[in-house]
Every structure is written in structure tokens, then in C-alpha cells.
Amino acid sequence: MIVIHGAEVYNPARGHAPQPGDLWIEDGRIITPRQDVIPEQVIDARGMIIAPAGVEIHTHVTGYPLSLARRFTLSEGCRKNPLLPSPEEAARLYLQLGYTTVFDAATSPLYAFSSYSDLRQMEGVDRGTFVLAGDHHLLLQALASNDMDYARNIIAWLVSCSGGYALKLVNPGGGLAWKNHRKAPDLDEGIGIGTLTQRDVLKRCVQAVNQLGMPHPVHIHAGQLGQPGNAVNFCNSIRALESQRAHLCHIQFFSYGLDPSGGYRSGAEEVVRTLEEFPQLTCDVGQIMFGDAMTVTADTSALSRLQQGLKKPWISNQVEAEGGNNILPLKYAPKDPSNAVQWATGLELLLLSPDPARMFLTTDHPNGAPFETYPQVIELLMSREARLEALQQVHRAARDRTGLAAIEREYSLGEIFAMTSFGPARSLGLNDRGHLEPGALADIRCYRKQADICGMFASPEWVMKNGRIVYQNGRVDTQGFGEILVARPKWDQDQLPHIKSDLENRISISFDLYALGGTKMENTREVPCTSTGF
Amino acid sequence: MRVVLETRQDCTGPISLKGINLPALFHLSQGEIWQLPLNHLSQPFVLGDVFKVDIRDSDGDEVVLRGDTRLLHYCGYGMDSGRVMVEGDAGACAGSGMSGGELVIEGNAGDCLGVAMSGGKISVQGNTGDWCGAALAGESKGMTGGVILTGGNAGSNLGNGMRRGLIAVAGNCKNYAGSCMLAGTILCLGEMGAGAGVGMQRGSLVAGTIQSILPGFSPAGLADTGWLRLYLNWLEENGFTMPASWLEKPPYRFSGDHLAAGKGEILAYEFPQ
Amino acid sequence: MHINGVLIDDTFAEAFPMAYSKLIITADTPALARQAAQAAAGMAISIIGCSCESGLGEALDPAETPDARPGQVLWLYSYSAEKLEEQLFFRIGQAILPSATSACFNGLDSPLTCKPGAKLRYFGDGYQSSKLLEGRRFWRIPVADGEFVLDESFGIGDGVGGGNLLLMGTDRMTALKAAEAAVEAILQVPGAVAPFPGGICRSPSKPKGKYANVPASTNDGFCPTLRSRVETRLTPDAHAVYELVIDGDSLACVSAAMAAAIRAACRPGIIQITAGNYGGKWGKYHIYLHQILQENPA
Amino acid sequence: MAVVLCSDLPQEAVPAALAFCQQHSAFLVTDDEFSGSILSLAMKEAGTLSASLGILRDCINRVICCGGDILQTLPRLEKFVPAVNAGHVRFLEDDNPLAALQNLRLETGASAANMASNLDDQQGLVLFDKNWLQEDLHIAVELLHWLADLNRGQRWYSLYAAPAANSLGICNALLSTAGCPGNMHVSLAGIEYDPRQFRLHQLINNGWVDTCLIAGNPSLMPAALKEDLKKVTTILLSPEPTDLKPALTLPVARAGVDCAGTMQRLDQVPLRLQPLFTTSRVPVEAIFNSLTGRAAV
């Protein structure tokens, strides 16, 4: 039994204001304070800030695409590249930032074993991965024939056999179009299988996943990523979900207006206004920060467009019956007008969004910036002064073509914790974390109160996982902690021969070896699905 | 001041001098030098375990390495001033990252001599290994300034990715001299191996004889270029003896590599027809 | 003071600070190098008319030039560094670049430099390239007999211009012979230049004149034909005057050259040697003839 | 000490070997450098397009094989790529691959058109193997540049026909655990990567190592390297006897026969192999783990 004494406790489940009081912990969980016993250990936390540990909802730290990306950073001392830490290092670095739950955003089922072997190495944090299926041939085929029962089974089977936690859609149909030398389909354009459109795929997949009762709804990467003027299409995509629950990822890359010059301007207001109509949606922002970045995405259409503009080497790997893995190194420059607008748009989205528990901070690591820049972003959110100073350092397009300069809002600490812990945990369906109510996991971060916001968030005083301090004074202890979180939605075993014959017609690998190949995953925890029937 | 570091008899195995700025030794006492940490692969040592240290007054500032110097790697790593003298063979990566001063190697030098150097002068009386004046592994930019003079032969990938500066070799060099060169000058009085200048964007390769010309290069006739006279004259002043034939007739010029920027040139006095 | 019976006037020459640079022009043969240098020196007679004064220096052996070819030294003087850069650009581009087999190098180490090569390189139309040797950048401009190589930067020195002597003779031929001997003596002094044709000027000038837009006009006091109309500076038996104008890389150099010139010019038939000044109001340096003769013994 | 990971090992061996190297400050190298350092460095410079075999099987109608031995390396090639069977295959063989590739790049426009006639949906595959790369980075870079040129017209994919069972798996596992594909010095202070200094023959000839621990069957090693190995003490952890004469041999289990293991296919798709028999042999990673554990005590 441990008591954390004397701190300012932020419990996002009870609003944004701090509460004084002691926090009691037993067997790795938070309990109601007891009067009748003497605790074994009292942690003196006077002058400290206590909050639930961070929950990362969208990052890229595992799997085959990351191996490809590492090929692009080979040089002496390559291990120190903050963009591409090894999975083991990534887990450490997240712990040092106060995050104890990390979700990798994409696994291609065919390469699922690569992701699993990387996840295994991420000791110290709870982690999981989302399964890519926006271009999965079997799924699209089922959706095209409007056989929703079969589509649900395929989704459930794909997520289970890949060891995933949720379903991810990346510009549905875009990969298929690229393989066939076509431009990526618009929302209401046929994707090349029957009369199926991207709108249909989004709508039906979201419906199917919600019917399966998976803990995290569909994780959506929409169409037209990175194109000036794509905010219109994005808002239409949001409406296409028809008020169903879903998560939209790195929406900064979809929130651009079209400047009369043909370049970027911010479309943040329009996007935020549209999101307000649909309170069941959650988003993460995908903030960019200036400096080196590495594009790691399954969206071949968007990346090939970028690559043709930059004329830089890229690695593009197409996966049979699925999407692709694409890698392109990038650098965001403060004096580049496009990059400056992108940077300001992300901040604008965060600042305009009224509910921090629905719009989360991510950098789409390593696409926008390494996750180690979170403290810097938080500082920009919490201090208008810092924001205006930063605005002076970047191209004036950030002032002229976005509304950032006029925004006066400053996030409070409580809002930051809601944004980085409570919101993502709730969106992920993890009710046991992101707050400090009795029964919650004792995943806690502790900061020493100070004026330097960036410095405070960059170096927590200590971080606790399951009631044990795993990071303190620069030392990380990851041994034996953390589980791989999986969802295993129910699916009809009778459909197996059907799926098997369909799949074997499409791929070059035997069904038995597909995805994890029947490997028993170790050290997993299944988060239950709450299906309410179809 | 003259600091002499002489290896002890019982010294075996490779020793990395990375992390020791040799010119900075002039500001240290004998005891302080003795206590400097050394990297013997990864086991920690101090300098005094491996070297006898002798400090003498002299006219110029000079660090002398002597004894069994064959396995001393990273001699003169990152040096920016002064003079470092290796009385014998040097190991790998000598003079890598140096930005000034002078490094003299009386014997042969190992691989990766002067990798990523940005200034200063390296003179080798014997041969040099592969990747002399080249880029760090995985980087595209090689040496960005300075001079490397070699009395003997050079290995392969001489001046790979070189951006600026001069490498002169009195003997022959192996394959892929000037590969992926960005600019600069490589001069080889003897024979240059195959694949010379592959992927070069700008810059000049000068060879007495060249083994083969890649298809990315096109013949551009005899070239009596003034800059070459300038360089040859400068090299003669720095102790190189030019073959008589070089001064009599102009070299043949090939421009390329057309598969890169194509602004480079190979000047050869003899080449396969 | 008299030397060989020639009266040396106790006066001073008025000299001015000038910026100068030293060019080393090389070519395949000494004649080609000299020709290129001469072309570049063309009409750089007086700063009054062309903002530049120049003169050829010594011919160089291959061992003395940067590219081991025969060379020729050329000195250029102008009144400011900016003007000099303009003249270098103009003269290298117009005269030296077109000269067969030529190359043009800087011959003066100086902390102050100008970069005519940085502009001249555009003659290469994008095909120019450069070489950097020991911190010195050379531009390679493709031309039809190979490449024109020139230094990017040229050193600029603080020189002295306007050192002058006036030789009065009993007749034209006598005065001229003395002047020619004097020029020969001047050119023996390293760094000294006599910019006028053959080093000799027959039209000494004074600043301004009767007409408003004339910067300089004939120095009437020395014109024999004006003897009765103006206040003459001529002695009754003097019938011809030649002026020697000397630029040099230092005051000492100009003084030495002037002293050598006086000694060489003191021949029979020369009556008086004097120097031009404007009352000491214009020039920074005053070179007293008697003083320099003492300082530079024969 | 140097640890050599041979490419018939399953990728599970990698983290164990890495931990062992870290404890002993050892060099870690692989026997197939082409799938590791050389190809990685070349990809960094030129990029590449690749695809899994199912796509190649379905939509490739032209194949270029760089190196004549490719059919020996991949005897079942036509199963994967039917275009080979249909005769739409061209073999590039040359004594001087670099010059041949430069020629190809110079005429890329023409050759791409020849290769893929005029149909828009034509897609090609370039397969290359170790013989063609001939131990050199420049050839690999030139090859990938040529592919990038080809890709400006039609779409051309590429695959490296690795000569051993799991070259690509070892390489990818190293990339994700260590951040670099072999040629590294692993110590508690961190990992130092240098594909030039830390090649096995350099390590031996420069006197950086005195012992080599070879894990797996070193059949892929060039003869010259085997000669070099005679200069140092060798310890072999191999499933079968080899022509090396090591100071010590420990027989180990073979993935897919005595133990489970993950190997990667030509297109880097991971395959889980299950054991056929139950034997007393232990997998390599178990040996590494116990060696690491013992030293810790």
C-alpha cells in the first residue's frame, strides 16, 4: 500500500481543476483512501503535480515500415536518431515523458509478425497496434457486395489474427488505385470494385466495428492528405460517418484551405466547426514541428505525390491484397510558407477545439516530428506569449493565412492532462486509465511545479506504472512491466473456410502462415469487446 | 613545446585515440596527460597505461607518436591546430574530422584517412588505405577542405563524396577514385583503377594512366587547362616530382559523370582507346 | 644644390595616396604575356582622363609565376579601391581574357581585396567553374583555346601616386634624352611605375582652368611659347620641358625612383630639375627633392 | 571479439546475440553484407520500389535478372513470377556490372520502352543477386538509380535475391533492434556503426579482434574470408558441420526442424516455421542467453 502525499492532484475524471489530497495505491491500482491501516510507503510529493500517465493514441514505432525507414538514416551513430528509436528505446523514451500506454498506428496484416516481434521488445509500457485494412481486398469485396455480415467477420478475423487492437483505414481505395495507375478516388468516386465508393467504405466499416463493440472505434486516416484545400473533402468525410463513433487521426494534415496563390491556408475553423456537430468523434492533431521528420505511411497516393514534388529518394513497398508501406525523409523548415502554415494550423486546431478530451496531442511520430517534442507543443498551447514569439520566427504565411495570431486561449494544466491522458484513454476504450478514480491503474506521472513549462513536461520527477516507480532521476526500469493490449472481436468460425479460400486466391502465402501464422502471443491482455448484437 | 608519446613494450591490441584532442595536450601537465581516458576498444584505460609521456621545450608545438603505432586508430582525430607527427604506420581513421593543423605520417596510413576532414594538411610518406578523404559511412559529403598528400599508393574509394580540397597521390590508386564526388581535386601521378569518378557531380580527377573510362563519361579532347599547371606547380613546390611527360603534353579530358550532374572532369595522360 | 652642374630646385613634389594592385599575367610565351599586359595597360595614362594609371613591371621567369609559365607584371593604380575594382574588371575582361593563352593572377598579398573575378566569371555563361587552392579561389572560364584562369580576389595596396619631376633642357632632344635615361632609372626601382607614354609627359597640367568644365589644363608656366604672355617658370635658356610622373607602392619607392631619376637626368644640356606642386594644398605627401637625394645616395 | 550472424538463423537469434555482444563489447557482423549495409546505403541514396510476391505474380509482365546465377539462387522463380515462364525475361550478365549499368542508365528511355512495349499497364521487376553486386556499394547505388530512372516511365519493382535462407530477416531484425544492419560495435556505451571499418575481414586484418563466434552455418562466406578466419580463434554454433576448422563447435537446433523460428521470404514477408521433430538441440538464442546469463553471475 502506497500513499502519495501532499501533491496537487489532477484527476481529469473530476474536471480540470487540481484537488489536494492523498492518493492511495494498492496492488497496482488506485483505491479509496483508508483510515484503518498504515501504508507501507509514503511518497512525499509536496510541491509536486500528480496526474494520470500519458496515453499515446497514434505513433509509429514498430513494424516493417520502421525497418525500412531506418535504412534511410544509416550513418555513424544512427542509434541516436530521435525519429527512429528502436522499439525498446521508444518504450523507454515514452516512459521518460510520462507515457505508459502507447499505440502504434499501423500494421499490415501480412507483416503482422514484424510488428509483434517489435511490440514484444517494448517492455515497460502497455502497447498495441492497429490493423490496416482500408485497401484489404477481401474486406472491400465484402463491402462491395454489401454483405455486412461477412465484412464484420473479416474485420474481426483480421484484427484477431494480426494481434491488433483496432481497425485502421488509410485513404480507403487509395492504395488499390495506385497499384492500378489511377489517381486516388474522391469521396464519392468508385474505388474500382463494383460501385463501391470511399464514402461507403468509411460508413460501413465504422458501422461494422461499432457493431462488433471493439474498444477503439475505427481509426481513420482520410483522403487527400496534405493537399491544399482538402478541408472541404475532410468535412464531407466526417459527415459521411453519419454520427457514428470513430477516431480521426492527424487531422492537421487534412485541414487546409486553398490560398488564392495555390498554396496552403488554414482550414482549422471549418474543420473544428464541423467536428462540433458530431460529439461522438475524437481526433488527434498530428502537429508538425520544425526540423527533420520521416514520412512513414500506408497512403501511397499521398506520398507518391509528395515524392514527385520533392524528387527525393523514397522506399515504396506494395503489399499484396492490402495497402503499402512508404518511406520518405522530410525536413520542415520555419521559413517555408507551406510548412509554416501547417505548423500554425495544427496549433489552431488544438486551440479552437473546446473539449481537450476529444482533440488529442500527437505529432504522428515521426511524420510531423519526434514525440519528444510534446513538451514544446504543450508550452505553445499553455502560453500565448511563447506562441507569438514562435510566430515571429517563422514565415509570415503563418500569420497571414491562419488565425493563430488572434487566438488568446491558453490551456490550463488540467486541460493538458485531459488531452494527453483522459481523452485518449476514453477513445481507446481503456476505462482503467487516464484518470485517478479508485479502481484505475496506478499509472501516474509526477512533475515538480515550475515556471518552465517545456522543461517541466520534458522531465517528470518520477513516473509510475502499475504502482511501481519505473522512471526516476534519469533511470528507467522497464523489467517485467507492460502488456500487449489486443482486441479479439467475435467472429463466426463457420466463415473460416470461406475466408480461407477467398484469401488464398489473392495472396502468395498459405493461409496458415498469414499474419501471425497462428503464433501464440505472449504477455497479452485482451480488452473485451462489448458487442450489443447486430 | 614537444610532447612525445611512446608506446610501451607491452602494448597490444588496437587503441582508439578518438576523444583525445592531440593539440590540446600543449596546455596540460605531464600528470594530466597521463590521466587522460583512452579507449582500448571498450575497456577503459588511461593514456599513461599505454604511453610513456615526454615533454620537451622546442620552437614549434608538436605532438609526436612513436613506437608501435600500427594499431593506433584515430590519430589526430578532430585536430584543429598544431602539428602531429606519427613516426611509423598509423592505424585507421587518422586525421578524421580534422579542421586545421598538420598531420604527418612517416609510414603508411590505414583506411579512412582524413574522413570528413574540413581543413588542414595531412602528409603521408607511405601508402594510404581505402576511403581516404571520403564521407562518413552513410553520409553523402566527404572531405570539405584541406589537403592530403600521399607519397605512396592509395586504396579504393579515394575521395568518395569529396566536396572541396585536394588529394594528391604520388603512386597508384585502386578502384572508384572520386566516386560520388561533389567537387574538389584528386590527382594521381600513377595509375587510377576502374570505376573512377562514378557518380561524380563536379570536380576534377587527374591521372597519369586510367584503367577504364565509365560510359557516363564522354571524351572532350585534349585539354590544356591553366588550373592544372597551377596545381602541378604548387605540388612541385610541396615536394612532388611530376613525370616529365606531364609537362610536355596536355592531358586528354573526359567530362561526366553524365548520370549525375555531369559537370566533373577526368584528365588522363594515358587511357584505354 | 647642383648635381653635375644641374640645379636641383629646393622644392617638393606633391603626391597623393592611391590604391594599387599587382597583376601577374602569364602566357605560353613571354611575348604573349607582355602583349596581354600591354593591352591591359593601354591608355591607363593619367587618372584625370581614365581613372586609372598603369605600367608594366618586370618580366617573370616560369619559376616565378604560379603556373610555371613566362609572366609579366602589370601595376594598376587608381584613386580608390572601388574604382580600382571597376578598372580591374574592365581591363582584365577587355584585354587579358581575349589575349591568346593568357592567365591572370594576383601578385599582391594584402588584407584588403577586391573580387573582379567574381563578376568576370559570368562570361562563362554557367559553364564557369572554380578551384580552391589553399584558400585562394581561381575561376576557370571556358574559352576557345582552353580555359582562362584568373584569381577571384586581387589584393589592394596603399600606394602613392603623382610623384613628379620637371626637366628643363636647352633644347628638345637634349631634354628628351635625359628624360629617357631617367625613365630607365625609374623602372629599375621595384614597384615604381611611369604611366605616361614611354614614361614621359610633355603636357604638365594644373588643376582646373579658365573653362568651367575642364578638370585640368596646360601648365602654362612651363610652356615655352607662352613665355611672354604668362608668368613663366622657365629660365631664359630653357627651351623644352619634360615631366616625369611616378607612381609607386610606397612613399619610399616613389622617393627612391625620383632620386634615381634626378641622378640619371643630370646630364649636360639640362639646366634645372624641379617638381610640380600646388602649394601643398592638394596632396597628402610632400616629397622634397633635396631630402630624397640625401636619403637615397647614389 | 566478433560475433558473426549467419543468414540461415531465424530472426529470434538477433536480440539474444545483441545482448551478448553488449555485455562483451563485441563486434556484430553478418555474413551477407549485401542485404544489410550495402543495400541499405544504396537505398538511402536512390530509394526503391518493391512489392510482395503476390503483386509481382499478378501484374509483372517483364523481368530483368541482373546476374546469370539468379535461377540457381531462386530455382522456383517461375512459380512466383509467371512472366519468367512466359519468356519475358532478360538476363544481364557482364564482366563489369558498373559499366553495364551506366550504359543502361544512359539509354534508359529507350531500354525501358523496349522492355515494356507501349502498354500502359506494363509493370516490370528487376531481380538482382550477390554476384551482380560484386561486393561493392557503387554498383548497388547505380543499380537502384537505374531503377529510379526506369520508374519515371513505367513502374518497375525490385527484389534482392538473397543467397541464404534468412539474409533479409537478419538484416531487418538488426535494423529494428539495433538501428543498423550489421557492421557494428556493441557495448554498454552504445552502438557504433561503420560499414567500412567493421567488416569482418577488416576487423581481422586490422587486428581489432582475436576471437570470432560464428552463429549459423557460414557456407555463404567468401573463400578469402574463410582464409582470414584462420588467423583468429573461432567458435562455431552451427546446426551442421562446416569446412571451417573451429576451436570449438556447438551443435544448435535448426529453425523449422528442431525448433520454431521466423524467417523472411524474398519479399521480406515474415514466415513462422514450426519444429518438425522434438530433439535435444537448443536454439542459438538459448545459447546466447545462457552465455550472457553466466557472465552476469
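So that you can tell them apart, the chains are marked A, B, C and D in the order they are listed, and the count of residues begins at 1 in each.
Going forward, a contact is a pair of C-beta atoms (placed from the backbone, for glycine too) under 8 Å apart; a residue touches a chain by one contact, two chains touch by 3 or more.
Worth saying up front: this structure is predicted, and the values here are computed from it rather than measured.
Undergrad: Report the most central chain, judged by the distance from each chain's C-alpha mean to the global C-alpha mean.
TA: If we average C-alpha coordinates per chain, B lands closest to the whole-structure average.
Undergrad: Higher C-beta contact count, B-D or B-C?
TA: Top pair by contacting C-beta pairs is B-D.
Undergrad: Hey, how far is the Cα centre of chain A from the one of chain D, in Å?
TA: 33
Undergrad: List the centre-to-centre spacing of chain A and chain C in whole Å, with centres computed as mean CA coordinates.
TA: A distance of 78 Å separates the two centres.
Undergrad: Report, in whole Å, the distance between the mean C-alpha point of chain B and the mean C-alpha point of chain C.
TA: 46
Undergrad: Using the touch definition from the top, which residues of chain B touch two or more other chains?
TA: 137-138
Undergrad: Enumerate the residues of chain A that touch no fewer than two other chains.
TA: In chain A, the residues touching two or more other chains are 73-76, 78.
Undergrad: Would you pick out the residues of chain D that each touch at least 2 other chains?
TA: Within chain D, residues 41, 44-45, 193-195 contact more than one other chain.
Undergrad: Specify the contact topology among the chains shown, as one of line, ring, star, complete or other.
TA: Topology of the interface graph: other, matching no listed pattern.
Undergrad: Going by the touch definition at the top, which pairs of chains touch each other?
TA: Touch list across chains, by label: A-B, A-D, B-C, B-D.
Undergrad: Spell out the residues on chain D that touch chain B in their complex, using ranges where they run on.
TA: Within the complex, chain D contacts chain B at residues 25, 41, 44-45, 96, 98-99, 102-103, 105-106, 136, 138, 141-142, 145, 185, 187-189, 193-197, 202, 206-208, 210.
Undergrad: What does chain A use to touch chain B in their complex?
TA: It comes out as residues 73-76, 78.
Undergrad: Residues of chain B touching chain A in their complex?
TA: For chain B paired with chain A, touching residues are 136-139.
Undergrad: Give every residue of chain B touching chain D within the complex, in rising order.
TA: So the residues of chain B touching chain D come out as 13-14, 41-43, 70-71, 91-93, 110-112, 130-131, 137-138, 140, 176, 179-180, 194-195, 198-199, 212, 214-216, 257-259.
Undergrad: Given the complex with chain C, which residues does chain B contribute to the contact?
TA: 145, 147, 164-166, 185, 202, 204, 223-227, 229-234, 236, 263
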